[in-house]
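In what follows, chain A forms one complex with chain B and a second complex with chain C.
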Partner chain A sequence: MMPNTKKNASRLTVHLVCLLIGIVSLYPLVWMVASSLKESSQVFVSAHSLIPTSWDFGSYISGWRGFAGITFGTFFKNTIIIVCSVVTGTLVSCSLISYGFARIPFRLKGFWFATVMLTLLLPGQIVQIPQYIIFYKIGWVNTFLPLIVPAFFGSAFFIFLLLQFIRTIPYELDEAAKIDGCSRFGIFYRVILPLIKPALVTAAIFEFYWAWDNFFGALIYLGRPQLYTLSVALRLFADPSSGTDWSAMFAMATLSLIPPILVFFIFQRYIVEGISTTGLKG
Partner chain B sequence: MTQKAVKAGYENRTGYLFILPWIIGFTAFTLIPFVALFYFAFTDYDLLSSPGWVGLDNFIRMFTVDEKFLTSLKVTFFYVLTAIPLRLIFALFIAMLLNMKIRFVGLYRTAFYIPSIIGGSVAVAVMWGQLFGLNGAVNGIIGLFTGTSPNTSWIANPDTALWTLILMAVWQFGSPMIIFLAGLKNIPDSYYEAAVVDGANGFHRFVKITLPLLTPVILFNLVMQIIGGFMTFTQGLIITSGGPLDRTLFYQLYVYRQGFEFLDMGYAAALSCFLLLIVAVLTALVFKSSSAWVHYESKG
Partner chain C sequence: MKRRFSSMMIAAVAGILALTGCSGGNSNTAEPDGTAQPAGQTASSSTPDAGGGNLRIIWWGNQERHDLTSKVLDLYSKTNPGTTFTPEYQGFDGYFQKLTLLAASNNMPDVVNFYVGSSDSNQFLDKGLLEPMDQYVENGTIDVADIGENTLSGGRGADGKLYGIPLGVNARVMIVDPAAYEKAGLTIPEKGYANWEALHEDLGKLKEVTGAYGADDLFNINFTLAYYARQFGQTIAAEETGIGFDEKLYTDFFTYRQGWSKEGLIPKMDASLSVKNPEESFLVKGQSAVMVAYTNQYPGIVKAAGRPLQMILMPGPDSDKAMDVRPGMHFSISVNSTQKEAAAKFISYFVNDVEANKILNANRGMPVSSAVRAALMEQFEPEMKAVADYMEVVAEHSGPLDPPAPAGATEIDKLMVDLEQQIMYEQTSIKDAYAKLTQEAAAIVARNKE
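Up next, the complex of A and B:
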């Protein structure tokens, strides 16, 4: 009996530790939601409390009004337009490019593949100053274009991710399709694309997260409130110099986190597998 | 032309057709900006007038006149050297807990991972700032346990501001945790069983089996986290806006200020060049040192 008791005790300890870390992990988020339901004047009175004294959904209405006459509806719409375009562009371009690298022999392939691997190690932030200057010169500042267009020309991370996946597909399938009279593009579209669906879902989810969170790009390229995405709008909303309505701020912050959290719960399996195999995400 | 040559020519064309987006995108959005970076680093440029060549002036300014440059470098190094090891140790510890065969593992993993999934957002940064503010929840919780709430704002106090950001980085331990978890699952149970038969205790098993077999994963996490750590920006801008007393003036935040607030694009480009050098040297050092501590299983 002794070893069993000891085992149970250690299991209990593990559960207690996990529970404690779980509370620390989730407390700030629950606190934010709770604060969004408190009256603005009550947010920092007994601030640690998670239960509002009176439930007040008014902050969601006042928050939604936004600022400068622009509602959060516009900020949501802008964010969704950018995120959807970026995800589409990434999937289309990266699947084509990765198929080219995985299956077709062509001259200087090694060289071009080396550029992919080098880009993978080069943090994008390093070139953001010259990139900005170029986009400024061609008149793209204050449009969505600098945030969207690059996605249509491939991204090293996702090319690498899809490439690894295509390599696991047996070559015989390509050969069989070829004998059936399929062109290269036909093989790609009819054979490979359906088979790499799980990898495409993973890539879509991660690109969704990056585009949804993209703060720096939106900050430097979108200078007019009508163009703001959620992240820039939230930052201005929380301007310390203008006496922030904190519960309204937390209400909009809560709304802005609902899509990423929903995506997480729906696609959890793909996310965990994606990280395990590629180490994506900061 | 032989049939083989015709076929090779066709493959060549289709191959280039498939990777054409990459060639265009790489040239336009990486290569040209990269070359331009080195050009602008030697100029004085405010976006409005045309860039003027100033030679090494920007770099001389960095090292002789500009104290904020050194401050931001120190802040960033301190952050990377504390936040990254703490985050990785914590991530490994939790991954080992979750690798045990206990109930509710999926539930725990989800709870632990959520802070990371939304971690880069402005919403979370704003929230963190309020939690650690003067009347924030953290002071309230300390008050619950000690009787009196501290009358201090953690993010406005020069001694604690950077630590609140380090704490936030540790709070978002989810991604390295999942990578560690995948690594742990790859270690065959038979190794541990054999070790138990030989009388090895838990500590021995950890040091002799888990750690060595995990070193490739540790290397990967280390490189990714170091590069990411040097790019830290959002937290510094939103939570503390670089203050108090420049104690949270991250390097990237300083580049942003020079470039986009003071429109000193040439100097910002020079700062970016130097950051590239730092990240390249550090990554090379980690890779070079790895042959001494990373254990690869011999194949065959």
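Up next, the complex of A and C:
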């Protein structure tokens, strides 16, 4: 009896602490959604209250209207095009590269791997201007290409992530496939790829978030408003010197959160799976 | 071992060859690419041979400004066939970062929304990235007949050349809450408080009415110190020493501020720093009855507050001398633009055309042209009309603008904000702060002279 109540009590504390952390981290989100339903001028006057006095969806309409005839439909479309291409590119390139590093012996492997990992340490700001000048010279500024194409050449973080995952797959599987007549690419495609699915999903979700949130890249490479992504378009509401339509901004920010949340809820079981299983099933 | 080394060497040489081969091939293929693509880009964004051409124009703002400005661009294209626009509008966040990058890659738009004299834009002037516009004014491309020289002078850099045409004018204003005054049994001084002590007295009574503060922070150093210095015939910046005000003025200014903040008449430093937008001010929330702002912020503040407010002149003695009519934003021309003449023509249209300004509706501040202002009077909303009326009063009760700040003024501004916080958080005494300020300001000016 005694140990049981003790156990229950400790479980209760854990739950309470989790609940508290949950509330604290959810609060800004809830506040934003609540503010999007308030009238713009009321956002800061009644900032303390989470329940709007009147449920006003007007800011969703006025916000969606966008800027100078370009609606948020365009911005959503642009963002989805970029994000889908980036995720595809990252998955294709990173899985191939990490398979190469994990399974294929080649000269100076250590050196090349170190080179890839070094790019992780290089702050993005350092390469920003040279990169911009290169993309400008080849005429890619004002297109989606500078945002999409680099993803097709791998990114160190995901290469490392997938590499670690492939290393946990027993090499015997490769050998068995080889004996059965699989080519090098066949082993990758038929054996490795299905087994690293959880890691791929993890990488896809991360890359989805990052590409969805990418502000600075989109800000500098996309000049024409027709090409703007959501993250850039949301800033178009804000002007500290004359006035900001806060509720329209929050309304569109709320809408822009829906796809990442959907992606998370649909794919989160794969993340859990990716952590709990170690690549070898059945 | 030896074999291994030699094979490594071969690999290295092969690698280098591959790299140079690659880059050689790249530069070969990139050459036509590199010229064709930007040419293609300019073909779509600036065709000098196809009539008026395409002007690239960049500005910052909010939804309303993007909509209205785009409408004016369309109107201009309609009345000037051959001229089209590629607008690149932005939010204010990131605007100058993007502009810096565009400048670094020699890719600045033709027409640039700017604020000549702000710390963000000074670096563009210092590096000679903007076209001096005096010649376009002289040859009549830019019509400044209806723009006062006082207003125009705000667009001049430290070298006296004109780098920007103002798009609107603002003035400092004290905004008061008439209801709170009535409740406190006070009368609003229509022409502003005659001295700071009178304001101090009223704030005590207003504090009791609001239950929080008497006023928002009235002594923001960027906003008020320049005005305060002008009251005593001094200036915030000076050519030789960097700062143009004496120790007594600085001491008085901060003594007021420390005292009032200790009495709770104005918010403490941390509280006033948390107010990032006029919509978030304590006046809007009903926790104070007085605030200071620029006139272009007034309509927004009234809307946010949702109750009647009133504008009066700034407080203190000699406000006639200290008030000034300040240009809001500017349009400037990039020094690398290939169509400066067309850009200048458009800017002239933007500030002088009545139809265009009827669309813009004073979105960038009170129009600078007196003819435009007169034409707009009838369409203004009550708040805008109040601003227009107030601007008329200010025009009669104001002195000329301060001379352009010397090179390095940006650094001095930063230093002053730094010291402001140190004084208000009681990390340093006013006396020490002033000593440090005079010493470092002079050093900054000397350094920038070299």
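Just so it is clear, the second predicted complex is superposed on the first by the 236 of 282 C-alpha atoms of A that agree within 3 Å, B and C clash if a C-alpha of one lies under 4 Å from a C-alpha of the other, contacts with A are read in each partner's own complex, and residues count from 1 in each chain.
What we mean here is this: a residue touches a chain if its C-beta (ideal position, glycine included) is under 8 Å from a C-beta of that chain, and two chains touch if they have at least 3 such contacts.
All values reported here derive from a predicted model rather than from experimental measurement.
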Overlay on chain A: chain C relative to chain B, clash or fit: clash
Partner chain(s) touched by A:P260 [first = chain B, second = chain C, both, neither]: first
Contacts of A:G139 with chain B and chain C, given as first, second, both or neither: second
Contacts of A:L26 with chain B and chain C, given as first, second, both or neither: first
First (chain B), second (chain C), both or neither touched by A:I129: both
Which superposed partner A:G69 touches (first chain B, second chain C, both, neither): second
Which superposed partner A:A238 touches (first chain B, second chain C, both, neither): both
Greater chain A contact set [chain C / chain B]: B
Which superposed partner A:G58 touches (first chain B, second chain C, both, neither): neither
First (chain B), second (chain C), both or neither touched by A:F44: both
Chain C region in steric overlap with chain B, selected from 4-12, 76-84 or 94-102: 94-102
Those residues of chain A which chain B touches in one complex and chain C touches in the other: 43-45, 107, 128-129, 132-133, 136, 215-216, 220, 232, 234-235, 238, 246
Residue ranges of chain B in contact with chain A within the complex: 8, 11-12, 14-19, 21-26, 28-34, 36-37, 40, 45, 47, 94, 97-98, 100, 102, 104, 108-124, 126-128, 130-131, 133, 135-141, 143-144, 171-172, 175, 178-179, 181-182, 220-221, 224, 227-228, 230-231, 233-234, 237-238, 252, 255-256, 259-260, 265, 268-269, 272, 275-276, 279, 283
Of chain A, residues touching chain B in the complex: 11, 14-15, 17-18, 21-22, 24-26, 28-29, 31-32, 35, 43-49, 93, 96-97, 99-101, 104-107, 109, 112, 115-116, 119, 121-123, 125-134, 136, 150, 152-154, 159, 184-185, 188, 209-210, 212-213, 215-216, 220, 230-232, 234-235, 238, 246, 249-250, 252-254, 256-257, 260-261, 264, 268, 271-272, 275-277, 279, 281-282
Chain C residues within the chain A interface of the complex: 7-8, 11, 30, 33-34, 36-38, 40-41, 56, 60-67, 69-71, 86-94, 97-98, 101, 104-105, 107, 276-280, 284-286, 296-297, 299-300, 303-306, 363-364
Sites on chain A touched by chain C in the complex: 41-45, 62, 65-69, 107-108, 128-129, 132-133, 136-142, 215-216, 219-220, 223-225, 232, 234-246, 248
